[in-house]
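There are two complexes below, and they share chain A, which is joined by chain B in the first and by chain C in the second.
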Partner chain A sequence: MNTAILQQAQLTWPRGLGRRVLPGCLTLVAMVLILIVCGMIQPRIWSQNGLTLIMSPIVALAIASMAQMVMMSIGDIDLGIGFFVGMVTTIVATLLRDTPVLGVLALAGAVLAYALLGALVQLRAVPSLIATLGASFVWLGLGLFVLPVPGGMAPDWLFAYAFWKPPLSIPAPLVTMVAATALTWFVTRRTGLGVRFRSLGSNPVALTRSGSSLVVTRMLAYAMVGVLGVLAGITLTAEIGGGDVNAVPGYTLTTVAAVILGGGMFTGGRAVAWGTLAGAITLGLLTVLLTLLSLSSNLQPAVQGFIVIAVLAGRLVVERMSR
Partner chain B sequence: MKNLFAATLVAAATATSALVAGPAMAADKPTVALSNAFLGNAWRRSMITAFEEAATKAEADGLIASFQVSNAPGENSATEQIAQLKALLLDEPDILLVNPASPTALNPTLQQACNMGIVVAVFDSSTDLECVHIVTNSFGDWARLSTQAVIDGIGGKGNVIIARGVQGSPPEIEMYEVQTELLKANPDVKVVGEFFTFCDSAKAQEALLGTIASLPEVDGVIGCGEGLGAVQAFQTAGRDIPVVAFAPSGRALKFWGEGNGAPGSVAVMSDPGQGVAALFTAINIYNGQEVPRTTIFPPVVVSDEERDQWIAAVGDDEIASWQWTQELVDAQLKANIDGMVAEAALPPVPVR
Partner chain C sequence: MIKLERRAIPPWTWSFLAAIIVLVLTYIVSGRGGSQTITLAFTIAPYLVLVGLGQMLVMSAGPGNIDVSVAKVFSLGGLIAIAVGDVTGSWVLGLAAAVAAGFAMASISVIAILLVRIPPIVATLATSLIASAISLTLAKGFQGSPDPMLKGFLSWAPFGIPAFAVVVLIFTVLVSLFLKRTIWGAQMLAVGQARRAAEYAGVNASKVMVFVYLTSGVLAALAGALRASFSAPNVELGNDYLLDSIAVVVIGGTLMTGGRAVPAGVWGGALFFILLDGLLNLIGWSYAGQNVLKGFLVLAVLFLASGAPILGRGASSSKPDHTIADDHTEPEIKPLS
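This part shows the complex of A and B:
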């Protein structure tokens, strides 16, 4: 090995870090730009109430995106998260309100079901796409069983949360999102468990050689996805005031987009909690931006798609440069 | 429990009003915002077109100060619409018209709007929320008008098929009850078949083609707008064309006008002009008029005699809609207050 080249490599920017962080930074820039444009059109955004108004619909999406990010960090994709979050809202708006003990048990059961799904994927070598897609129909069925038509009502403590005003004029949705992201970041990047998640995604052979069980690791990862999914469902119930299993089927693909915007990869091995948060907020703010811009009705979906593609194209350029 | 919910909302409202307490209303004219859940079908596009036309005119006439239309992205997603509504709330319109993605999921957001002192009217749907006014078509009226027309069209006796709507949906159940009642009142009309067609022309054609050989002579198809597919199925099978209920889309009306569909056929559908009806109703509420919480407006009905007039007024890719004006809405509101909705006169055929 040529020592000169080695030294040169050490002096420059560590490549892995760059590849991991730069796409997320780009999305962060896009997010800030969108916020600034929104604020220029509608200065009322720059207040605790204004920020709470525009951020609160994004909280559930951000936490669901964290779930998807954990899933993608082990190299899997969750096609059932949308209906899972919907199913959680039906449980929260009925069981958790009327009989809290049963409700908590049901939610714990949902997390356990996710862990078992992980075992199925690992032991039977079922592709995660198929397993989670199949599970999505189970979630839908269970949700319809709990609440055949949208309805129910969020527990009172959730309403209290929805109108919570933290001190120092900090918008409550931001607190929730940052807390969920920090938790996910800590588990995936600062614990041994997180290292195992990521090596399950990038190099399962190494994980086996190090003496870890692939089954247990995958089950734990899926359980974490389940926990985050439950959290997303609870915050969504606060937002829609009740339960509806069909509330957010779109989350399934939007969360994937958020992870990709945040710097995640389909091939696994990369955990980008903060980038994903920026991705989810960017996607969520697009609706606000388009509403404030008052564009012609026919143009709105096209502009939304264009912004997403532009950010992704930017990521491609950034990745080329950091290579 | 509900009280606590209300109390929390009121608490939130007082907090929100800090944000609202900006400039006092300068003029008496209201600003209007329309929130639409999605733009994915001809009905919604016709609704938006009709609204933009009427609102532009209302602005020119000095009835409203300004208006904005906002369509949420996505496929009828309640969460997208919540985000959109909250962005609209930042603008603090005086009147908020909502064509909702869900009858329940928007409730906390709409409550917030009510608490800000905004006149909120939901149309083409319903909601339990007390503070919201509802402007809607009755599915019972829709079923009554279309079924009666087909029964009259076949002369009060003969064989009919019932083409039912979206399996298990509340509107379909309501419509089916009305249909069954009307058929009971006409014992000479015999039902020889029943299909679920989802009020969709293509699905009706498929369902009918599968069973048409086993059917006796059919004089009429009682349904909710799948006439085009029904007629095509009978044409394909080389059978006599029955009396049918078309959808009042430009395409179906033209098809009908070309001599397809037995005399006495009809076209009925919920009215895309509901957005306009909601606009004038909300203006009245804003100006202090007492209006019932739920007001019923008639669905669009195209009869044999008026068909050609309608064809001239409806574009190919549009759904026919009533052209509501302030006077027409006032008359309909009066009928609602007097409890005479079923007898109220229909608006005139629009002219373009």
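This part shows the complex of A and C:
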């Protein structure tokens, strides 16, 4: 009997694999469909330049979504990421260009601030939702201190990156996105630290029993969110060429949607880097599609909203059927 | 235990205390007393209070419940109220249209939350995207101006007491009575404290969810309609109201994890925020400085007022699902190494 069970175990997929991977796959299908439709309307996007053009606005969103994914894998939500990324662009476009040492210190300080926020959430049992919301006021204010009006200039090396053309006619934005995703995937799924992040989200008791400190784990997770947020801000500066704290306040909620589309959960414990990448690209491509369909840009938010609801409804149906 | 709690200071005290401190500081800085500052604060505060009351009901319906669509619904309410009021020539119809719009928007959230089982934050986010699309479409070539009579009433302050503030104050008292004295209110808080226990006791939790989200949507749209009538409609009119509404609710003493609603605290929080803005303007702080200070204040309030005691262990849970888990934030026995 034991061997029978063993054989069965060997034959079946790991438990929960379907639930973990399926949503991301659905989103991937949606992404490919949108890409194909875009290509049918405007065949010129099938070139290095075309793909670079439509994908470069998505890079920062994808990396910010990675940050949100790490946050959600420990069971928290970051409602301040939009202004944080905006604040980073102001630092990059001023301090980092004029006095690189100060700029790097400021960015390191931002990451440290995130780690402290994590400590606050853990030690004082504060909901992350409200703590990050409070922090978002601080990010906005600091960003306005650095650059009261949009301006500044991206450092030269960032301009060089913006005009970089990788060989084999691979679009540069794709390289950046895949690299950031691979890094996040590696940390969250292939290191001991990633296991600690995920168990903080799903089973904190087990984490303490295994001898880890909840505070340190949460601080490290928040620091990683900060690092990814800084990376998102740097790529966004390359994209817009300057700094603006109000550049992307919408990221806060779009990134949550991207993680959900990618198969993440609010309850934590699930890290889905590649799914999140698919989710972020899908949401970004929607804007391209609507532009190609020459729909009024005013309608774009509504279509995004409906797609998010539709995808989640579709997933519910699929999950019900697969049971 | 219950007796002890009753003797304790009511949770809304701190927000009013903070508001009074800011008021006194304002008097010291400006070098003159007078009721003008208070009148101004009470003229602007009611809009934030209306949105805050809706947000308070949603947040006290349990962990994870939050309405992030209030800002866009607020703007939409303003635009629709002015547009309809301008076409029909009646501000009553304008307000009714805004209420209907808020109801419709909140219905989308409710359907998404209850039928599609989307987490509230994503559901209301989707609603907010839809509302903002409608607002943007409406605002294109928007014409229309607020009704002079309604505008007159909103800025009417006999003896320095804004009449509209009194109306909202009465409404706040009604909400408070509703929560304390009616079965509906008790059921709502019961769901917020322990949804499953409440359901076993025969409370229909879905009904409560429908109620709180619809109320929040309607209040946000109504507040937006009135705010637009007070100044002018604008797509970005409501943008500040999302963060502010959540912040004033929390500062006011409402539990972020649900189960305790403090309507009076919403007033305290709103007055505190508005007086603080005034004070910072007075001493010449920029918008940037105001935001940094506001942020640190929210974080400070969280630090002081959260469930966990500052000294000692046994942090109370931020997520009741993990109550047991969080009790072990500091293990009593260090594992052998």
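The criterion applied here is as follows: the second predicted complex is superposed on the first by the 295 of 323 C-alpha atoms of A that agree within 3 Å, B and C clash if a C-alpha of one lies under 4 Å from a C-alpha of the other, contacts with A are read in each partner's own complex, and residues count from 1 in each chain.
Methods note: a contact is a pair of C-beta atoms (placed from the backbone, for glycine too) under 8 Å apart; a residue touches a chain by one contact, two chains touch by 3 or more.
Quantities reported herein were computed from a predicted structural model and do not represent experimental measurements.
K.L.:
Using the superposition on chain A, decide if chain B and chain C clash or fit.
P.N.:
clash
K.L.:
Does the superposition put A:T267 against chain B (first), chain C (second), both, or neither?
P.N.:
Once the two structures are laid over each other on A, A:T267 reaches chain C alone.
K.L.:
With both complexes superposed on chain A, which partner does A:L120 reach: first (chain B), second (chain C), both or neither?
P.N.:
The second partner, chain C, only.
K.L.:
Tell me which partner A:A30 touches in the superposition: chain B (first), chain C (second), both or neither.
P.N.:
After superposition on chain A, A:A30 lies in contact with neither partner.
K.L.:
Should A:L228 be classified as contacting the first partner (chain B), the second (chain C), both, or neither?
P.N.:
A:L228 sits against neither chain B nor chain C.
K.L.:
Counting residues of chain A touched by each partner, does chain B or chain C come out ahead?
P.N.:
Of the two chains, more chain A residues are contacted by C.
K.L.:
With the two complexes superposed on chain A, say which partner A:Q304 touches: chain B (first), chain C (second), both, or neither.
P.N.:
A:Q304: touches chain B and chain C.
K.L.:
Please state which segment of chain B collides with chain C in the superposed model; the candidates are 182-190, 200-208 or 326-334.
P.N.:
200-208
K.L.:
What part of chain A is shared between its chain B contacts and its chain C contacts?
P.N.:
Overlap of chain B and chain C footprints on chain A: residues 298, 300-301, 304.
K.L.:
If you look only at chain A, which of its residues touch chain B in the complex?
P.N.:
42, 44-45, 47, 49-50, 53-54, 56-58, 60-61, 149-151, 153, 156, 159-160, 162-163, 165, 236, 239-242, 244, 247-248, 250, 284, 286-288, 290-292, 294, 297-298, 300-301, 304
K.L.:
Hey, which residues of chain A end up touching chain C in the complex?
P.N.:
75, 77, 120-131, 133-145, 148, 203-205, 208-211, 214, 253, 256-257, 260, 266-267, 296, 298-306, 308-309, 312-313, 316
K.L.:
So in the complex, the part of chain B that touches chain A is made up of which residues?
P.N.:
Residue positions touching the partner: 1-2, 4-5, 8-9, 11-12, 15-16, 18-19, 22, 36, 39, 48, 68-75, 77-80, 82-84, 86-91, 102-108, 170.
K.L.:
Can you list the residues on chain C that touch chain A in the complex?
P.N.:
Per the touch definition, chain C meets chain A at residues 63-64, 66, 68, 112, 116-119, 121-123, 125-130, 132-134, 136-137, 140, 243, 246-247, 250, 256-257, 286-296, 298-299, 302-303, 306-308, 315-319, 321-322, 324-326, 328-329, 331, 335, 337.
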